[in-house]
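One chain, subunit A, links the two complexes that follow: it is found with subunit B in the first and with subunit C in the second.
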Partner chain A sequence: MPVDRRKAAVFGGALALRLLLLLLFPSLPDLLTGRVEVSTPVTSFKRLQEGLFLYNRNASPYDGGVFHQAPLLLPIFSLLPNAQEYPFPTALFYSLVDLLNASALVTISDSAQAVSGRLYSSVRKQIKWDGVVVAAWFLFNPFTIATCLGRSTAVFTTTGILYALSAAVQGQNLNSMLALGFASYLSIYPALLFIPLVLLCYDRRAQRSNITPSTALFVVKHFAVFLLSIAGLLGISLLIIGDLFALISATYGFQLLVPDLTPNIGLWWYFFIEIFDSFRDFFLGVFWLHLTAYAGSLTVRLRRQPLFVVTSLLGIFAVFKPYPSISDASLYFALLPLYRHIFPLMRYTFFSVSALLYASLLGPAFYHLWIYAGSGNANFFYAITLVWSLGLSLVIADTIFAALRDEWEQENPDQRGRPVKQV
Partner chain B sequence: MNTFFLLSLILVALSVGSAASNYHENLHLQPLPPSNLLASFNFKSNTTQSSFEKQHFQYFPRALGQILQHANTRELHLRFTSGRWDSESWGSRPWNGAKEGGTGVELWAWIEAPDDETAFSKWITLTQSLSGLFCASLNFIDSTRTTQPVVSFDPAGDHSPSENLHLLHGTLPGEVVCTENLTPFLKLLPCKGKAGVASLLDGHKLFDAAWQSMSIDVRPVCSGPEECLVQVDQTVDIVLDIERSKRPRGNPIPRPIPGDKLVCDTSKSYHTRDTCYPLEQTAEQGWSITELFGRSISGSCPLTDSESSNEDAVCLHISPVREVRSSPDSVETKWTNDFTRCFSLPPSIPFDLTVPEQASAAHVPLDQPVLHAERTIVGHGQERGGMRIIFNNPSNEKSVDFIYFETLPWFLRPYIHTLQATMTGPDGIRRQVPTSEIIKETFYRPGVDRERGTQLELALSLPPASTVTLTYDFEKAILRYTEYPPDANRGFNVAPAVIKVDAPQTGRPIYLRTTSLLLPLPTPDFSMPYNVIILTSTVIALAFGSIFNLLVRRFVTADEAVALRAQTFRGRIGGKIVALRDRIRGKSSKVE
Partner chain C sequence: MSANHEDSESSQTAMTSKPSASSLPPPEKPNAIQTRFGVVAAFWAVILFLGFPIWWKTTSIYRAELPIQEMLDWAGGKSCRPVFPLEIRFDTPSLPDLEAQQLLRITQHTLDDLNEFSAHHLRLKLADEEAQQATEKADTALTVRLLAQDDLSSPRSLLDADTTTLDVFYPPSQIPPPSSSISPLSSYIAGELQRLFAEEKAIMAHILSNNAMGANVNTPQSPNSQAQQQISPQLAESITRRLRRSMKYAETYHLAFSLFTPGSAPSSWDIESAVQAYISPLVQVLSPISNFTIDTQVQLYASFSPTTPPPEYDETQQVWTLKEENLSAFINAAEWPLNPSIGSGPTINFILYVPAPSQSPLLVNEGKATSWIIPQWGGVFILNPPSIPTSESTKGNPPHLPANALTPAFLTFSHQLLSLLGTPQTPTSLPLRLQTLIRIRAATLLLSASSTMGSLARLTESLPSIPIPATVASSVSATLSHLSSACDSLRQGRFMAALASARVAETEAERSFFEKSMVGQMYFPDEHKVAVYLPLLGPIGVPLVLGLVKEIRRVVVGWKARRG
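Then we have the complex of A and B:
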């Protein structure tokens, strides 16, 4: 098999860049681990180490307020040498995970599912980037690099989601469900991707074998596989931890009820600091309902492009999740280059990119003003998270507009390029 | 300070020997360098277990006894402390630290209960009742401030092994101890502070002290299988600044010494008539009880059990060459080969003690503490910080084994995996050591948000003449805005650490306490909950609105859109006209 030289260069370059940064700035990983933009209470590497410390001393890591991550990470990380004394193996491990994610992206891109699927084929399918460019967008994205160096455990969820997608576009439905089960096991919210993903699997199956299986049966079967994979992982976790109730309430209960209000780039923390106590539970429900509402509606409207639904949902999660971090944004920005062909149809590119840049540059500065300098208050950082969320949701809305417009033009080829209105 | 211990031992022996209800009180005074005075009040009353159970209280305070019975409490220790004991100038602590608490209020008790839940509910009953009795915020000791130490405290009383006892410990480091706590404290005494040494206790002087600690200990003392006493032991220890206390209450502002009374160092080259380099006071300051406490002791408490134990009612631990004048009716006893002089109190006649100013006399040697400990919060910013605990073993020969116990509030999240130790040995070289070299055992119970605090107990061993620094990182949680106190930016109090040093030679452990800490937390903007709710909701509504707007509408070309709009406009107008016409017709038909 001939080695793709471009691919080797991008992957090698990305690995070298990560290790070089570690070598040049040995304190960078710890600095990034401590940043609220990178580490959230459910993905923080420092909290993982605390859990690991307790786990290795036969104490329950969930009998405390610090560790809220999936128990399967504990035996995996106890194999690695102590990150405080030997940071290199951990950094190498995370860099390799990044490369794995990138190779899954290459597979997704090479399948060309983003531009033409079973039910839909874009009229602009010649405008596209190949897999290596998409992987390069992911690997050299500063958000991805920061997540990798900050050793956030969100990268494993990213791996699960990307592998679920890459298996789905290759027609390996079972693997896809298993990978999605893994991602959902790690951080609950990927379960919402089940509907578009199973449709993607269904389309691929139908495309390949030309006989369309019964949709309901197909979905039920795959849902069973998905549930079984989660149940299996929870079973293994039970062997590790023993106390299922403590495990569930400390991991999934924590993500659902949001008791820890550590600042992050999302919208939940400040809202739930300031909300009146009697309305807390109500708004918790409203926020979760809002987050889940997108899955169904996007799937119905964009039925012909399930991969695009997954992408948009990931973008929406990056804004409206309880504990979002830049790693969620980096996953969205990783999938976005697959849709190079709809970029020309977007309307507010400049504005949204400026808003995102503005937020990412001023965010750390305003956080410093609040927490360290004391010359600003919490509203400074809060305002920046609002701008960030606004910018990101603008990008999402804009790409959905572009995708819908692209569908419309495919249906009405004679109207191509004419100004449109929505009624 | 061993005298203290001897004294208390003798007192215990006396009280146990008599095995009946009795009451004893005494006051112990000791000058401390540079110009302070330690006054230790001790009040001890006994009642037999059987009369305690029958609610027959004689000297035992009824209010306290009923609370203890109601809460199934077998042993109780309550402390009210403020200020800091300066062990570098004052030496080791009075009562070897056994009668003092951390800054604020500290309470621990052994409660008999079949299981932990019952014990905790009894504990809540106890704290609520004591809160009412002592006018302290003890009712704020909830599950987040309660711990169950494993090795830090041992029962001081004699308990039968059949009892299922639970130790619970709670602290209120932010509590300001003041007069309202002293009044109920005095009310527990048989003479209510009207007579005896307790008549000296006045809130103005007591809470003006550099350090003060009030304690109440209730414990069963058994001399035989069926001969048990319930003993309540109340102490007040204060360190007064002599000069400050001598200022008259009507004119408390300190004034400079007049020029003609200054003692100048004439050897200085610049010494002239109007420039003076003042010499340190070489003479020992003179004082009297009346000057320091603002009043004299109003005679002995008539309820003290016998004349024999009235001999040591007021004791003075002072150099034998120092002149001491007492009121004429009292009897002075000098204790042999010691620095202690004791005086008996005359009944119902005021008693005063005067120690006149005297040129430098031989000092009473101070016991040096076996361990120095210091605890501080390091780091900056409101996001994270670190705890640094410095232990110093002053002894050149012996290593020190001790238990370090701390409780942290839940909003301070320690990362115990970052615990590191550095040691400075006798050679003065600072080096990193593995924690296992110093820490023999660890008991760690991490905190749970809004449920319980962190509990950390370390068994440490410190080699001779060494200083060990322990550090660990922590993170500061941000709270809901209703969980902040009104003065949120002042910070939150963190309870002092308790250190228990094993002292095999005396049998009873020595206790040390570090100072309490102030922890600043990140604060939200308290003034704008409405704005936050509105702004966040706006952003969500914008995203939701724009996305769902795209999803539910269909595309048309611009021309079609104009046509559609025009059509709908015309249609709307037409519809309205029709509706108007119908209405007019309808009206007219009604009129008809």
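Then we have the complex of A and C:
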């Protein structure tokens, strides 16, 4: 098998860049680890270290209420040398995980599911980037690099999701469900991707074997696999922790009930600081339902492009999750280049890109003004997170619009290129 | 956040209905309509099947059932009529049974005639009669011992200061004949008894009249005014003053004894033995009423605050004097470490002040007093120790205060403690006064717990939106049951038991009234809910509702078209 030289160059370059950054700025990882944009209470590497310390001393890692991540990470990380004394192995490990993610992206891109699936094939399918370019967009995205150097454990969720997708487009349905189960086990929200993902699997199966299996049976079977994979992972975790209730309440309970209102780039923290206590439960429900509601309706609307539904949902999660970080945005931006063909149909590209740039440059500055300089207040930072969310939701809305327009043009070939007036 | 949704909706309309007027787009395909229906249905399914249950579950307020009417009855005095039947035993060693009973009957009759305040009355019993009915034994308030003495012309009585015994000496000739209905001896005894309990009765009348419950109780039978009439205005005045001076009732009091001196001596005192001798016995007998903790401290170089007028030297009597009007500034609250509270419960401060030798002896201007009470706060005693010559010309304070030097101070302190706790000043027997205190406390606690119940009932009725946790309901039922047992005990004359029940009732009542989770929503009127729901749910809801309306209209139009 000939070595793909472009791919090797991109992957090698990405690895070299990460290690070079570590070599040139040895304090960079610790700086990034402390940033609220990179580390959230559920993905922070610092908190992982705390859990690891307790775990290695045979105490429950959830004692002390600092660590809220999945327990399976602990044995993995206890194999690595202490990140404080030897930062290199950990950085190498994270960089390799990034490369793995990138290779999954290459697989997804090469399958061309983004442009033509079972039910739908875009009229613009010739406009597309190949897998190496998509991987390069992911690997050289500053958000990805910051997440990698900041050693956020969200990258493992990213791996789970990307591998679920890559397995699905290759027709390995079982692997896909297992990978999604792994991602959901790490942080609950990927479970919402189940519906579009299972439809993607179904489409691939139907495409290959020409016999369409019963939809309901297919979904139920895969759902069972998905549940079993989560149950299995929980079972292994139980061997590590022992106390199921403590495990669930410290990890999933924490992610669902959002007790830690440390500022992050999302919309929840400020809202729940301000809300009256008696309405807290109600609005927790509202916010989670808001997140859930998109999964079903987007799948119905974009039934013919399940991969695009997954992409858009990931974008929506990056905005409306309880503890979002730039790693979620980087996952969304990793999948967007698959849709190069709809870029010409987008209308607010300039505005949304500037909003995102504006927010990512001013965000750290405003945070500094609020926390360190003391010359601003919480509203400064919250305002900038609003701009960030606005930019992201503009991109999401715009791509959905473009995808729908693309669908419409495929149905009505004679109307191609006509201006659309919004009513 | 609804931007995305709105956009997808609107872009969808843009494509599926009519985008431009110039050339009509192709008609909507049936499967596009179906898709739109699916989208709307998907959103509404989430709202209906997940949203509404969550809304119902998280915003419904748990209100435990409270016995509102019962609580209001207690506060209104309908459930309990506090009565204080004081049992007085007659010990008649020298009288035959029949005559003793006759004397008792007449005395009781006279007493009843004298007494206008029905809630508080005296019940006389013979000592051996008492012994017969051992069950349901009431606390004996007083024992009257009748002793014949030959050389007397009129009866004479003597109250034992250490026990609850009243000795009555009488000339044997005054024993009433079996047929008579009046006798000088019985009138005398009745008068004495009336006098002994006059102050207590006045205090009771005062407490009951200041409360709705007491007032209600009194109106039907003996109106308040009548009870008040019996009490002289001066007595009423002094009772009011004393009640205002005494501490508010608390479950636990902290007693803090402090030695302050402006110099370096005395730096030690025999506080332990003094407390043992004078305070501990008192605390012991007061233990049914409240709990006490004792702390002590010595503070050297304690100066007056700069704004306090310094004591003046009185040439004629060779003493330093403090003006009475300046006493309120005596305590240097800013610098003297007098803890406002140690743990929960109020602190009663007792300050022993030893003036500097150059300002000794220090007295209070009027009447040469050396101590005073600070209302609801504590007491002060100025101790002028005999100065000892340290060097040729200067005088100095002794470095150590021995127990005997502390005796006057601690006698005063124990007296001040009793006053601060609201103990009446008469009669002279301390046990009798303590018993009175128990009855007063039982009455006040009963009334205050009842009125707390009433407040809680009115609060829960007037604010239908506050949650009532189950703990409140259980506290309320505990309060009510203890209140009624306190009331029963009072009726049977068992005042110690009544006080114990009333204390529990008071604690439970306070706990239920000051439940934290109830207070949070007290200031949250219903109108504010609009402000809570609308900003977020409004923008989300409008496109959802419009989408639903459109879909319904389409379905209805299609249905009509098919029929018509």
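Assume the second predicted complex is superposed on the first by the 420 of 423 C-alpha atoms of A that agree within 3 Å, B and C clash if a C-alpha of one lies under 4 Å from a C-alpha of the other, contacts with A are read in each partner's own complex, and residues count from 1 in each chain.
Note that a residue touches a chain if its C-beta (ideal position, glycine included) is under 8 Å from a C-beta of that chain, and two chains touch if they have at least 3 such contacts.
Predicted model only: the values in this text are computed from it and were never measured.
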{"item": "Clash or fit, subunit B versus subunit C on superposed subunit A", "value": "clash"}
{"item": "Contacts of A:A59 with subunit B and subunit C, given as first, second, both or neither", "value": "first"}
{"item": "Partner chain in contact with A:A378 - subunit B first, subunit C second, else both or neither", "value": "first"}
{"item": "Subunit B versus subunit C as contact partner of A:I396, first or second or both or neither", "value": "both"}
{"item": "First (subunit B), second (subunit C), both or neither touched by A:E85", "value": "neither"}
{"item": "Contacts of A:Y270 with subunit B and subunit C, given as first, second, both or neither", "value": "first"}
{"item": "Superposition clash, subunit C against subunit B - the stretch among 63-71, 279-287 or 369-377 that is involved", "value": "279-287"}
{"item": "Subunit C-contacting residues of subunit A that also contact subunit B", "value": "267, 275-277, 290, 293-294, 297-298, 301, 316, 319-320, 389-390, 393-394, 396-397, 400-401, 404-405, 408, 415, 418-423"}
{"item": "Contacting residues of subunit B [partner subunit A, same complex]", "value": "380-384, 410, 413, 415-418, 444-450, 454, 475, 477-482, 522-525, 528-529, 532-533, 535-536, 539-540, 542-544, 546-558, 560-561, 564"}
{"item": "Interfacial residue positions of subunit C with respect to subunit A in the complex", "value": "1, 3-5, 7-8, 10-15, 17-20, 25-26, 29, 35, 38-39, 41-43, 45-47, 50-51, 54-55, 57-59, 467, 520-521, 524, 532, 536-537, 540"}
{"item": "Subunit A residues touching subunit B - in the complex, by the definition given at the top", "value": "34, 36, 46, 49-50, 52-54, 59, 63-66, 84, 259-263, 267, 269-277, 290, 293-294, 297-298, 301, 316, 319-320, 370-372, 374, 377-379, 382, 386, 389-390, 393-394, 396-397, 400-401, 404-405, 408, 415, 418-423"}
{"item": "Complex contact set, residues of subunit A against subunit C", "value": "267, 275-279, 281-286, 289-290, 292-294, 296-301, 303, 316, 319-320, 389-390, 393-394, 396-397, 400-401, 404-405, 408, 411-412, 415, 418-423"}
